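Following this line, the structures themselves.
In what comes next, subunit A is part of two complexes: it sits with subunit B in the first one and with subunit C in the second one.
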Partner chain A sequence: MIAYTLLAGLLFGLYFSLVALGLNLVFGVMRLINLAHGDFLMLGAFLAYGLYSSAGVNPVYAIPAEIVAFVLVGVALYYAVVPRLLSSRDPEMLSFILLFGLSQIIEALAVIAFGNSQRAIPATVFGIRPVSLFGQTFPAAWVVSAVVSAAAILAVYFYLYRSRLGHATRAVMASRDEAASTGINVHRVSAIALGAGLALAAVAGAFSPFMLGSIEPDMGIGITTVSFAVIVIGSLGNPLGTVLGGLVYGLGLMLMETYFPSWADLLPYVLLILILLIRPSGLLGKRVRLA
Partner chain B sequence: MSFSAAERASPLLRASGLVAGYGPLQVLWDVDLEIGNAECVILLGPNGAGKTTLLKALLGLVALWRGRIEFRGQRLEGQRTDQRVRQGIAYMSEVGVFPNLSIEENLKLGGYYLPRREVQRRAQELYVMFPDLVQRRGVLAGSLSGGQRKMLSLAKAFMSGPRLLVMDEPSAGLSPRYVKEVIATLRQLHGAGLAMLIAEQNLGFLELAGRACILEGGRIRFAGDRTALEQDDILRRSYFGLQETPDAGRD
Partner chain C sequence: MPRGGWYSVGVVLLFALLPFVYGNHALLFNMMMYLVLAQGINVLFGFTGYLPFGYVGFFGAGAYGASLAILLVHLPPVPALFVGAAVSVLVALLLAPLLRLSGAYFAIASLAASEVVYYIVSNPHLVSLTQGPYGISLAQVYNSGASYATMVVVLAMALAVVVYLRNSHMGLALQAIREEPISAGFAGINVVRERIRAWLLSAALAGLAGGTYAWHVSVFYPKSVFDLNISVFAIVFTLFGGVATLVGPIMGTLLLYGLYNWIGISQPEYFQLVFGIVIVLLVLFLPNGLVSLLRRVKIHVP
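Moving on, here comes the complex of A and B:
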């Protein structure tokens, strides 16, 4: 029983890392919490659902479409909003209001476009045979979701630590002014980071029917909350810290659902309070953060 | 470095009537500044005089309210900071490095917009010039001492092959030994034809400069040859009298 719970916790932990990774990337680069993060995940879920229901596309094959579509959305959103936002007098407060509003608008438009009914992609798209891991059997959809998540995390690692653009992105994370005076086009780097952040959310969305339950237009806010908890647990502003936060959250969730199922919904809040009391800079944070 | 006839005739950088500030607070009042090709100008002035604001206004990090800036005959006012840097202005802020990146990553970012092969070549050259950095190239810049960090930020600023190096208090936080080392390195770079604008309070840097400007309360109070500054009684008393030795107290 405990072995099953822990392994399931790891699979879900990887998935929750992917769910929150984009939020942390965007926070790291722009120092703003994307309150519409969960709504973009929801849109990604509906895109995958649409591709599946209309053309029978397996969610794994929907990934390239998700990436292209949401990188474009992210870049467009950046240039439409962020430069003006950052040059305003109180960017933090304004960004909260703006992104909260964006979240509401996306949700309302999604209700109009898709209706209020719940949708699902049957887990049988990945075959009906369960997968055996270390003597425990899991639904194939869980394993596929975890593998995709791990691949996405690796891709983010290579982007940030092994590419020129990634070095520039980390430079912008350290200081926008310093990056600009090093000759880096801060807006371009940030726009790509926002695009990457939304694309990560959308890819997570494609697998949400198997990991989070059915797809519905109002699922966004709950996901934003969970993502926020995950990145605070890991380390706000440190994208790879998200993985640690995701694993802690995934394991915690599986343990709660096994032993205290009726309390499981409280988990993000409990973990948030605990981490803020014990280690406010997150498990990987070096010092109390300023932003 | 070679200069065309037009470049020799006109100054490298000419800023006139600069007015800038933060929010409602005006900091610079009609500031004029000229830097010739391969010239070194030192910008003196007490804390809060607007030295950093002036440098940031030249780079576009602080929005200009009024005034014009010409660099190699090009107007800079409408350009983003990174575009100005690409024209050949390197900026070394007081921070100067990205603490979350390794020495090598910092250095290579200095040449971010150069072709990859050029970056490799220049990095090798700079490792020869700054031997301390070679052995530790994988180390995070945040773990370096103040002096090493300054050397790295100098190498990073020089990486792009600039025509003008703009520096904000290169002596800040350094021990006198390192200040001497920084001055020696700058003299070497200046000797190779690099123009410089140095905002400083440490008068040790004066020996590099051909000309000096004194900024007070956001206005230029003096601009002229270094020798004229050294002979001016009032200025000498207010600047030289107070700070004869390199400032070691802040290390």
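Moving on, here comes the complex of A and C:
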């Protein structure tokens, strides 16, 4: 029982790392909390559902389409609003409110386009045989989702630490002004980071039917809150700290669901409040930004 | 009469007299409720800069506090409302450490806090106390006339609070803290105490509104009194009109809740779309709300 719970926690932990990773990347680069993060995840889920139901595309093969579509959306969104916001009097609060408005627009458009019914992709697209890991058996969809999440995390690692663009991105994270003064095109780097953040959310969305339950237009705000809890637990503004936050959250969730199921819904909120109050810099605590 | 006093008297009289000539009492009641909540948000966000996404937590705590006082202690409704407000203030006291956070962190932490209150109240393990997810029925004290009149009184209290803040040292002190907390401290303002006072005041208003709402509808579920949309509406109404003024939240509520009533009840998704677009345009082009248009043409805004 305990071995099963811990392994399931690990699988879900990797998945929740992916869910929150984009939010943290965007926060790290732009210092703004993307309140529409969960809504982009929802759109990614609907894209995967649409590809599956119209052409029978397996969610794994939907990933390239998700990435292309959402990088473009992110870059366009950046140039449409962010430069204007950054020059305003109170960029942090105003962008927070603006992104909240965007989240309302996305949710409303999703209801108008897809209706209020719940959608699902059958988990049998990954075969009906469960996968066994260390003597425990799990649904194949869980394992596939965790493997995709791990691959996406590795990709982000190579992007940030092994590429020229990534070096520039980390320079912008450290200091926007100093990065600009060394000749880095801050707007281009940030726009790509926003695109990458939304693409990560969309990829997570493609696997949400197996890990988070059915797809609905109003799932966004809850996912944003959980993602925020995960990145605060790890470390705000440190994208790889998200993995630690995701694992802590995934293990905590599985333990709660096994031993105190009726209180499991409270977990992300209680963890979020406790961490914000006791250790605002997160468990990895690079003191990127204090709340 | 302090500045803004006559406006407040006018608004209160309007809502006291309209039921005699206009039949849609549910609309009038909900509009008053949102006027109270918008002014509560105004007290906190307008005067101190804390944006409470979880404001609905106080509304729900007030609704449940008042209902349980009626059901378990058999208090009459009006004293029970004060119990509800006291429960909200108690929750606010417990959550006061959240004020150490700032900006977006506070906003999200307060959202999380309201979810915690919601999940505790609706937990199936507490059915014997709160009836858990099955909701509350106050059919034995149902009285739509008296609860309407009570909401008029609550509205008068909310407007009085804002008129007081617009004309008093406390209001000035809070705005000084909002702009420059450190300088305000140097000027002899007790920053922590003033912030907590505004926080408790705003929670008490939401608690009174929640209790009166519970009495007025008399049957409700935890999901409906902890609905995040209640926070969202009150926040956007306030921002749309203009914060830290008396008339801003009134204008915002009358216009946007009127719009909601017009298109939002039959087609909520279209209202939500308009609502989202209003928010985006507001931030980009009119960050100080409608009242900044009045100020631009040199009209004094109380």
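Here, the second predicted complex is superposed on the first by the 285 of 291 C-alpha atoms of A that agree within 3 Å, B and C clash if a C-alpha of one lies under 4 Å from a C-alpha of the other, contacts with A are read in each partner's own complex, and residues count from 1 in each chain.
By our rule, a contact is a pair of C-beta atoms (placed from the backbone, for glycine too) under 8 Å apart; a residue touches a chain by one contact, two chains touch by 3 or more.
All figures in this text were calculated on a predicted structure; none of them were measured in a lab.
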Task: Touched partner set for A:170, first subunit B, second subunit C, both or neither - done: first
Open item on the list: A:76 in the overlay: touching subunit B, subunit C, both, or neither? Say first, second, both or neither.
Closed with: neither
Open item on the list: Output check: A:120 vs subunit B and subunit C. Expected answer is one of first, second, both, neither. What do you get?
Closed with: neither
- [ ] Mind working out whether A:263 is in touch with subunit B, subunit C, both or neither, as first, second, both or neither?
- [x] second
- [ ] Determine, under the contact definition given at the top, whether A:89 touches first (subunit B), second (subunit C), both, or neither.
- [x] both
Open item on the list: If you tally the residues of subunit A touched by each partner, is the higher count for subunit B or for subunit C?
Closed with: C
TODO: Quick one: classify A:272 as touching subunit B (first), subunit C (second), both or neither.
DONE: second
TODO: Go through the superposed model and pick first if A:147 touches only subunit B, second if only subunit C, both, or neither.
DONE: neither
TODO: Check subunit A for residues that touch subunit B in one structure and subunit C in the other, and list them.
DONE: 89
Open item on the list: Give the list of subunit A residues in touch with subunit B in this complex.
Closed with: 89, 164, 167-168, 170-171, 173-175, 177-187
Task: Partner subunit C, residues of subunit A touching it in the complex - done: 32-33, 81, 84-85, 88-90, 92-98, 100-109, 111-112, 221, 225, 228-229, 262-263, 265-266, 268-270, 272-273, 276-277, 280, 291
Task: Of all residues in subunit C, those that touch subunit A in their complex - done: 49, 51, 97-98, 100-105, 107-109, 111-113, 115-116, 119-120, 123-125, 228, 232, 239, 269-270, 272-273, 275-280, 282-284, 287
Task: subunit A contact footprint on subunit B (complex, rising order) - done: 23, 56, 59-61, 80-82, 85-86, 91, 93, 95-96, 98-101, 105, 108-110, 112-113, 116, 156, 160
